[in-house]
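Note that chain A is present in both complexes that follow, paired respectively with chain B and with chain C.
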Partner chain A sequence: MKAVLRNSWRAALLPVAVILVAQIAATVTQLESDSLASPLAIVSAFFSILADGSLMRATQDTLMAAFCGCVLGVCAGSLLGVVLGLFRLADDLLDLTIELLRPVPVVALIPVVMMLLGFGARMEIVIIALGLLWPSVVLARAAVKDVEPRLMEVSAVLQLRFSARLTKIVLPAILPQLFMSLKLAAGYALVVAVTVEITANPFGLGYGIMMAQQALRPAEMFAYLIWIGAIGWLVSLMLDAVQRRFFPAFSRGETR
Partner chain B sequence: MSHLSMRKLVLGILGLAAFILVWKAVTDAKLVSPIFFPSPERTWAALVKGLAGGPLLAQTVETIQRMLLGWLLASLVGIMLGALIGISRRARVFIAPTLELLRPLPASAMIPIAIAFLGFSDQMVLVVIAFGALWPMLLATIHGFSAMEPRLYEVSAVLGLNRLQVIWKLALPSALPMILASLRLGLTISLILAVVGEMLASREGLGQSILLASRSFRSADLFAGIVILGAIGLVGSRLLSMAERRLLRWQAAAR
Partner chain C sequence: MAMTQAILQAGRNEMAGSVLRADEPRIRIRDVTLSYGALQIIGGISIDIAPGESICVIGPSGCGKTTLLRMLAGLARPTSGAVELDGSVLGGPDRSVAIVFQDYGKALLPWRTAAGNVSLALEARGCPAKERPAIIRELLEKIGLGRHADKYPSEMSGGMQQRLQIARCLAQEPKVLLMDEPFGALDAMTRQALQDEVLSLVATTGATMVFVTHDLEEAIYLGDRIVCLQPNPGRVGRMVDVRLARPRDQLVTREDPEFLRLRRELYDLIKDDHQ
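Presenting the complex of A and B:
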């Protein structure tokens, strides 16, 4: 307990010191700038966008899009990955094509999807799902190929039908890896969501921070930035907790 | 073994051919309007025309330059800072938690901040790329240093090595696998941020080119740009994987 306390004191020292120095510097120089803001001004800007509801609305839009895109992308990708992992012929047929499509940066798809769907939540969800598709395929495929071969032999001996083999042998065996893939995807979904909003979509937190910059309100801009960081951090913290709760053995192996 | 990879290659090419045929069938049947979705032939024609004398070649060079410059900057700063923080236990205890706190922050969220300071300029794009690609390298180096076999530190104390020698002779080689993996991740991030930066700041390059193509509904040019971006990503990560295998040969041999 004492060690934890000492360590958290040390961990907190740097951020607290930076905030204090920034505040002192801002007060001493009587800061008035289009790009910088004092910590106190950032806090008051945060509460004002919180009070007028714009922050919560933007957060809801971004999280909703990230969530839908994440679920869609991970489900479709994992499904394809499981099929590729089970059938070698399909894997060999599609491997080259996937390897060629995978490196296309997801932001390059923004103009295409924008042209097809216009602005809005739908376009953002599709881009997020496309961005998460390939990583999910690769992770699920690797997980299926890693399933203990004897389990597959057992399923052959028992003459399980394909659906039974899938639900009784393969899916339970790869569940921890699928959750791991979901965890990685959730963080990435948030990044892609904010990127799409900053680049194109007039919607959500990314648009909020962009507007704050263009309106030359640096305090509001930094308030958005810190809030975006906090949300990313909270989401990863939450998923870590879920993983520890449901897949304790797996998360122990991961930190080893 | 060679028989096996032969099978993989033949089937892979068959699969790719089928993919292109399906693409062609979809566009020929006009399932999606050709304004939005060009056929493979039109994409190919736009690609050839753009690269031979058209503007695509110059834009590609521009984007690759931007990506590489930002990536090199991030690698240099990331590994150096990481080494400085990683080598000292005290620095790790004080600084690493703050870095972990900042890590989930999307790199693109820094774009408005960079615009506020630098305006819509090439420097702004470069700073955003370097900042975004910095994190994997920095954290991998710190992590690699702290995961070094403790006995190696003891050996270095016995041999009377100074701190610089410890970094160069022991810590960097032992952190190399992690650093190399992060370099590949960093390159991917650099390409993404280069494209985003060009789109937002209207700087010359593929990002701006595909955005303009989509605004004027030149879908063939848009797809040609996407094909090139995919090729850049593919070649970059393949080259780095090859370097990784070469540089880590000693490790495989030691096992």
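Presenting the complex of A and C:
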């Protein structure tokens, strides 16, 4: 973390320079546009949507949907993945089905799910969960198959019951990978949430960005865009911190 | 040559049988073979092991030492023949048969402390949670890890990790202790210290031990009997009784003329197999 702070001024150089140049260019050309906005105009638009409460409401809606979809999708997917990893028969039965379903882009599910559930948070949560399901299945299955075979032999020699084998050997062994899968899923959940809101759901940050664009308010549109980026960044920082705290060896291995 | 050995072998087995008729063998390996497809790994091994006896298995690499041990642990199934424990056929792993693996680093739970790793065996045999801490303390004390109960395996040296694995096996209260080249990866001093500890553990618990090693001197030092396996397929080449006084001592025992004679005998045997 210290290293991050020490180097942060270097990392901040480029964004700050871009903002400065944009502001200077906007001022010099006295920008009047339906598609671009000056940084200052974006900041003032940000504060106005913050003040009237629309930004916070949209943020809450999007994050709530992303969170629920993420938890639902990762839990269901990991559970299925663990079962497939443990039982050869289940894996053989479902392998082809999963490989056929996996490449279907989650965006293609929007019309289907919308027809079944209509607009609203429920439909968005289901689409996010479906989008995260298969990646979670694949990661959890690989993690279970990667559990040190020697440990499985130890549990066999100790004649551990299936439940004990699961809770005392398999789950602790794959926990770091499951968290890794959750971390990847969180970022993806936000992407899917905003996509659903932009394409279909009158709801959340994606809808906000759409409305601003259609009302020809570029400053507001960019304010939403930057806000979405900031949220994604914050979420990933938070999960990184959690990972460093609970799986130090694993996050070291990741950066190496 | 092989023929005469086989006959000698059969004679020996009969003799062993007559001696042991009074008390049943703890382990009876009954004409066990093991094949993977067309490849025969083990070709007909029969050994009786008495309760409390220490058997060391030696032989060139690829002779099926480890496979034999895995069959005794119930981790591998014989293609034909059977392994009997106290008169009943071993169908799979059994808690009363503990195995110490050579790769201690992989056999320990990295997310549990030393105490937690020992606890796993207690949990497995349904030992009440209240009684566990005292047993764990006693076992770790016994194996020389008393002060390291809260350390994780990654914070321990190889010797300490192997001690921990032995402690976990003892927590199973095994009748049979199987050891698969347990000290092969350790330095000479640590190895000798652990050899003596294993000897005293076996003496105090009365456990039956089957110890696989490629170190002839280790086999002589630890064993009551030494089984020399021959490869392709793995079979008993020779069985040698070790008539050295117990308790054994790293200096005195290793200077005993009988020790030197056995070393010579086994060395010649193994050398012949390699040619």
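Just so we're on the same page, the second predicted complex is superposed on the first by the 247 of 256 C-alpha atoms of A that agree within 3 Å, B and C clash if a C-alpha of one lies under 4 Å from a C-alpha of the other, contacts with A are read in each partner's own complex, and residues count from 1 in each chain.
As a convention for this text, contacts are C-beta pairs under 8 Å (C-beta built on N, C-alpha and C of every residue); 3 or more make two chains touch, one makes a residue touch a chain.
Please read these numbers as outputs of a predicted model, since none were measured by experiment.
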Superposed partners chain B and chain C on chain A - clash or fit: fit
Partner with the higher number of touched chain A residues, chain C or chain B: B
Chain A as apex of chain B and chain C, Cα-centre angle in degrees (nearest 10): 90
Touching partner for A:Pro111 - first (chain B), second (chain C), both, neither: first
Which superposed partner A:Gly229 touches (first chain B, second chain C, both, neither): first
First (chain B), second (chain C), both or neither touched by A:Val28: neither
Contacts of A:Lys168 with chain B and chain C, given as first, second, both or neither: second
A:Arg150 touches, of chain B and chain C: first, second, both or neither? second
Chain B versus chain C as contact partner of A:Leu100, first or second or both or neither: first
Which superposed partner A:Ile198 touches (first chain B, second chain C, both, neither): first
Which superposed partner A:Gln159 touches (first chain B, second chain C, both, neither): second
Minimal inter-chain CA distance - chain C and chain B, angstrom: 12
Set of chain A residues, in rising order, touched by both chain B and chain C: none
Chain B contact footprint on chain A (complex, rising order): 7, 10-15, 34-35, 89, 92-97, 99-101, 103-112, 114-116, 187, 190-191, 194-195, 198-200, 206, 209-210, 212-213, 218, 221-222, 224-225, 228-229, 232-233, 235-236
Interfacial residue positions of chain C with respect to chain A in the complex: 73-75, 92-95, 97-99, 101, 103, 106-107, 109, 111, 120-121, 123-125, 154, 172
Residue numbers on chain A that touch chain C, as the complex places them: 148, 150-151, 153-154, 156-160, 164, 168-169, 172-173, 175, 249
Chain A partner contacts - residues on chain B that touch it in the complex: 7-9, 11-16, 18-19, 32, 36-37, 93-95, 97-98, 101-102, 104-113, 115-117, 188, 191-192, 195-196, 199-200, 206-207, 210-211, 213-215, 217, 219, 222-223, 225-226, 229-234, 236-237
